[in-house]
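Both of the next two complexes hold chain A, though its partner changes from chain B to chain C.
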Partner chain A sequence: MAALPAKLGVVVTAPLVLLARAVDPPLRWWQRMAGQGGMAAVFLLPNLAIFGVFVLFPLALNFVYSTTAGTDILLQGRSFVGGAQYARLLECRDYLDPLTCREDTFWTAAANTLVFVVLQVTMMVVVSTITALILNREIRARGFFRAVFFFPVLLSPVVVGLIWRWILQRQGLLNLVMVSLGLEPEVWLNDRTYAFAATIGVSVWAHMGFYTLILLAGLQAIPKDLYEAAEMDGTRPARVFWRITLPLLGPNLAVVLVLALIRGVQIFDEVYVLTGGGPGTSTLYLTQYIYEVGFASVLRNPGLAAAASILMGLVLVVLTLCQLWLSRRGEAKGAK
Partner chain B sequence: MGRITLNDIRKRFGTTEVIHGVDLEVGEGELVVFVGPSGCGKSTLLRLIAGLDQPTSGTIEIDGRDVTRVSAADRGLAMVFQSYALYPHMTVQQNLSFGLQNTKMARDEVGRRVSEAARMLEIEPLLERRPTQLSGGQRQRVAIGRAIVREPAAFLLDEPLSNLDAELRVTMRAELAQLHDRLTTTMIYVTHDQVEAMTLADRIVVLRHGRIEQVATPLDLFNRPANLFVAGFIGAPNMNLFTATAQDGQAALPGGLAVPVPRNGPCTIGIRPQHLHPAEADASALEGRVTLVEALGTETVVHFRTADGTDVITVMAGQPGIRLGDTIRLAPDPGQIHLFDADGDRMDNNV
Partner chain C sequence: MTETKLTCVAAMALAGLGTAASAQDATELRMMWYSDGIEGEIMADLLERFEAEHPGIDVVLDNVAYQVTQEQLPIQLASGQGPDIARVASNLKSDSEHWLDLRPYLSDEETAYWEENFGARFDWMRPDGSDAIPGFLTQLTLTGGFANATLFEQAGVELPGPDATWDDWIEASRAVAEDQGLPAAFAIDRSGHRISGPNASFGADYIAEDGSPAPVDAATLEFAGRLVSWAEDGTMLPDTWVSAAGTTYRDARESFVNAQVPFWYSGSWQVAFLSESIGDAFDWVAVGSPCGPEGCSGLAGGAGLVAVKYTDHPEEVATLMDWLAGEEIVREFSKRTLFLPAHAGIVEAGGLDFASEDPLVPPALDRFVEASGETLPLADALPAWEWAGIYYGALVARISQVMADEISMEQARELMDRDIADAVENASQ
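== the complex of A and B ==
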């Protein structure tokens, strides 16, 4: 019996072995030419090329677009305007009131995004922490529940949006259930507050599985001994949570916070399918604003969209740096 | 304070019973060591006493009070874990006081106990450090300190020295012995290291497969092992064991040396390596060719093989100058022969 898997292994790895033998001589020749330090660059080059073509180049191109004006999508048909697009975006009489700004929808979208991110990230962290704590306990069918909570992460955001639209629309599942229970139906997605809450709830539902997984890994990395030591000392469960679990989960919570923040600012697909930014502009977030200004509106303005996306990118960079600084400080404190 | 009684303790995990009815009485102030090979149930037994696990049946009493269903915190015991289980995000001071603060103890009293334990264990300069900034030995002290501040009825120590290097282990072993002398609190100590067991224990409990094989003082265990398992487990190098069949009140060792046996039938003759000495020239003896010489300086461990292929170990004092391939002839001390019957139990003999 034992001989079969061994033979199978040889068969399976044979193509790889042949491939390795084939590329070995040219790589050796290369190393003689480039030296050992140069080889590192050689191996990095393919990935770097992909990264350059699909990330760095568009980033630079985007910046160039943000300094041009016109409706033409091709660069040669556009005129250079310098920082005019940025000035247009930032021109406001009163920064606390979006309606006094020249690009009032940009500021509305920014304000919406801010409120959305604060509420959504808070909810995300709390809900995924609680879920992870429950899934970390010795409950029945734990594997099943872990899979269930992770499942939405595997769905395409568009599918998520469609599912919830089907539930929340005027003649959707939720209203159907409410009517059958003798309750008045609600126009969930046409009410400003409900629609806003729905975008938060749906995005939390769709992504919490991922964060739960990160936190679950963190919880499982906490040695059981610590809990037993606390048990011997008669530590109450609440105190165990606040004084032992939470501090030791800190690094994982920091990761969850950064990722949730970044993805929160970038929210687009689910919301676009679910509410389309409505009713009115009540669920219009920055990414959708950029998309509509740049591509979807009749008088498309790629320059303005590019400028807005650069501004949004700056916010993300600042957020990330803050979080990196926070987590580094936390680590330094732990190691001191 | 600190008398612990186990009555017919059984523990089952699923369908597997791992502790098969253990009865044990640990006296006040006694240092009892649980020793046995991996998987013998010694740690499980300690966790049952601690209250971290519940026995399937049987009762546990502390000072006459049945604590079988009492929570771990309310048993008045303190445990030192193999991994130390120090809270990594707290300073040494916080680690020491954390358990006391649970009980809403007055701040002054917490401070007094922490500083007293710190002084006793000489960790006062470390109070503001975190566990990651401590060496293994320092962490070990903090872990013991965390147990001391609780002023428990008994200490439970689960292989507390196994994460230390050999040199530190010897030092900490001596310190633990001194600590026990000073505190005079009951201690139950789990280890797989028989040297730790022999040097620390008032009494040793030898466990195998979830059963107690023997409970005795260290020297009793060495001098009068109750069965083959204990005989083989205690003492280094291991006892030489020879299977034989007794006839007419005598059994023969390889080489023809006759040993008086009280009962006829199959038996095992045990002779410790330390109890073999050069034989008289004309007497019958264990004779063999030397296969390995381990010179340790103060003593020399010699492995040899008899003509019928039995491997025998002997320990000789000093440096006798024996070489590989030499032929040696040895005879046992007549008073130091252990006899075991076919079931492996000790046969009392008056050889």
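== the complex of A and C ==
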């Protein structure tokens, strides 16, 4: 009986053994030919191929699309127009007034995205920091609360959008509560200010768990003896926070800041489900604009959408470079 | 057992799996289908019968949301992909270059049958000047209004008569809403198609003499202006139109079914849904299209079942399409779905006994049939007009912005003209 599991194991692994035997001779031959350095290239090649096929090639293709016009998806059915799509996007009499721009909804979406990112990222960093500070303390049921704050991160953005839509819509949960308290119900998602605030609040709720986790890791890496020394010196808690916690949390805060910025610029799914970009265009952000123009609208223009996504990509590249610079600066300070 | 033997057993097992998979030699066809009411279930039932009669063909019914046929299907088609057959409504004409011409796969007798019974509306689903047979309309639709008769009765307000104007209807509905404490008096689906019948009633003309899109005219702005003022003063439910950006489609049926509005403008395809959802909660009636200065026009339309030309199995697709287009099948489909048939022979024969025990259904369908005789020339021309979808899209996107107080009506007119011109130029490249 004891031999049965062993035999079963042989059967299950047999195809893998066959495969390993088949690839072994060519690999040995390659190692003899190319040496140790060449083998590294062999093992990197699959990853590089995947990166090339799924990242670099679509990127290049997207750029090619941005230089074409037409409604066809296949390149052979599209006409080359050079930089006309970029010119159309950037043509503006007054950049502060989207309505004077040739592609007014692009600039409206860009302005909305800018305001959204500034407010959402600020709120995200503040709320995540406060939450991390609280969860870092010796409070009762700390593990439970950490799980509670992290839980929304596990939800699909569509689910997040739907949940909050059911809460905020005319006959939603929030109005039900308000009516039961004798208050006047409000149509939250039809009001420009409320709808905009809702997109910020919902995205903070959905993603703050992730950033809290990063900051919590940073807080736990701060040496305890620094706090003990401060306590022995009778330093006030506020001074401890400003002089010890915040400076040592700096590198983590920088990472959180840049990651939140990048995700803020890319905001789409939960907002699309929650408000659909409305009322009017008050919660129309850049990614939804690109989606609408490229795919969803009857006024479809894939070339224009590709050009807009290239411009947005440039913004993201700048933000990513900032992140790299901040991380390296943090590492360099740490090394000193 | 030696290691070699075990390896052989494993290899044979793998080979066996492969053999089993290749044993299924029936041709598989995929049909993309959206439902307004119960038609998905009826179609599934019909397809089971088809498969029993044609053992060599296996049909997979992919039930999707309407928005998928509107947003994702065009992308699939543009890249030479897609299902073998699709049920399409708003993109029937604009995507017509992707439909398969069934003519080569039909016998002369079958071709004559298709021409005779569905030929009047082939232009709705094929490029201008083409003689292709791309499919058939599973139903004929007409936009029109529905009123919550119970709410009107409770409010002591009489339902406006058949010649009532839009203003009459809005005034009466407002009185009902005020009396009953409803959030709004009226709702209309967020769709350019839906407002184009009323626009025609106000004298709008979208089509220039050369068939290209005409500039947005004063009559279009007349009805649009009414919609905006009704949205601003709370007469019209803002949830449908104001609360989305771009050309996103939204219907207001949940608001009507939940008795939030006494009057809703949508179309005949909602009858089965209303009957199913409302049951005996309240009485509702179809009221046709309210009148404007030029007439009381709704907008005809329909959902078409079309074959996609990228199919690998055109003959099997033609076999299925011809079976579904058969008079008995169309008759059964219409009776069970409560859809108006687009089959000339069935319409001529009359006496279609709709399979509903709901006493509200027959008068509603009768009202739509009656209203179909009141459509104006623009409304008759739009379903077969190449640029209709683009025009509808521009109307929805910009009028919503006016409702949200982002732009003025005059700015909206300029932007709509520009959007339409841009889209036409892009489509022509």
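One rule holds for everything that comes next: the second predicted complex is superposed on the first by the 297 of 336 C-alpha atoms of A that agree within 3 Å, B and C clash if a C-alpha of one lies under 4 Å from a C-alpha of the other, contacts with A are read in each partner's own complex, and residues count from 1 in each chain.
Quick note on the criterion: contacts are C-beta pairs under 8 Å (C-beta built on N, C-alpha and C of every residue); 3 or more make two chains touch, one makes a residue touch a chain.
Fair warning: this is a prediction, and the values are worked out from it, not measured in the lab.
Once both complexes are superposed on chain A, the partners chain B and chain C fit side by side without clashing.
Using the contact criterion defined above for the overlaid structures, shared-chain residue A:Thr287 touches neither chain B nor chain C, since it reaches no partner.
Shared-chain residue A:Thr71: touches chain C; no touch with chain B.
In the superposition on chain A, contact of A:Asp225 is made with chain B only, not with chain C. Contacts of A:Val187 after superposition on the shared chain: chain C is touched, whereas chain B is not.
When the shared chain is aligned, chain B comes close enough to touch A:Gly234, but chain C does not.
In the superposition on chain A, A:Ile244 makes contact with chain B only, while chain C stays out of contact range.
Within the superposed three-chain arrangement, the count of touched residues of chain A is higher for C, of the candidates chain B and chain C.
The superposition places the C-alpha centres of chain B and chain C at an angle of 150 degrees about the C-alpha centre of chain A, rounded in steps of 10.
Once the two complexes are overlaid on the shared chain, A:Leu18 sits against chain C while remaining clear of chain B. Closest approach of chain B to chain C, taken over C-alpha atoms in the A-based superposition, is 49 Å.
Residues 223, 225-226, 228-236, 239, 243-244, 247-248, 250, 334-336 of chain A are the ones touching chain B in the complex. Chain C meets chain A in the complex at residues 1, 3, 6-7, 9-11, 14, 71-72, 74-75, 78-80, 90-91, 94, 183, 238-239, 242-248, 250, 258, 260, 389-390, 392-394, 397, 400-401, 403-407, 411, 415, 419, 422-423, 426-427, 429.
Those residues of chain B that touch chain A in the shared complex are 50-52, 71-74, 77-79, 81-85, 87-89, 98-99, 102-103, 130, 132-133, 146, 150. Chain A makes touch with chain C in their complex at residues 7, 10-12, 14-15, 17-18, 69-74, 78-79, 81, 99, 104-105, 169-171, 187, 189-190, 192, 195, 275-284, 288, 292, 295-301, 303-304.
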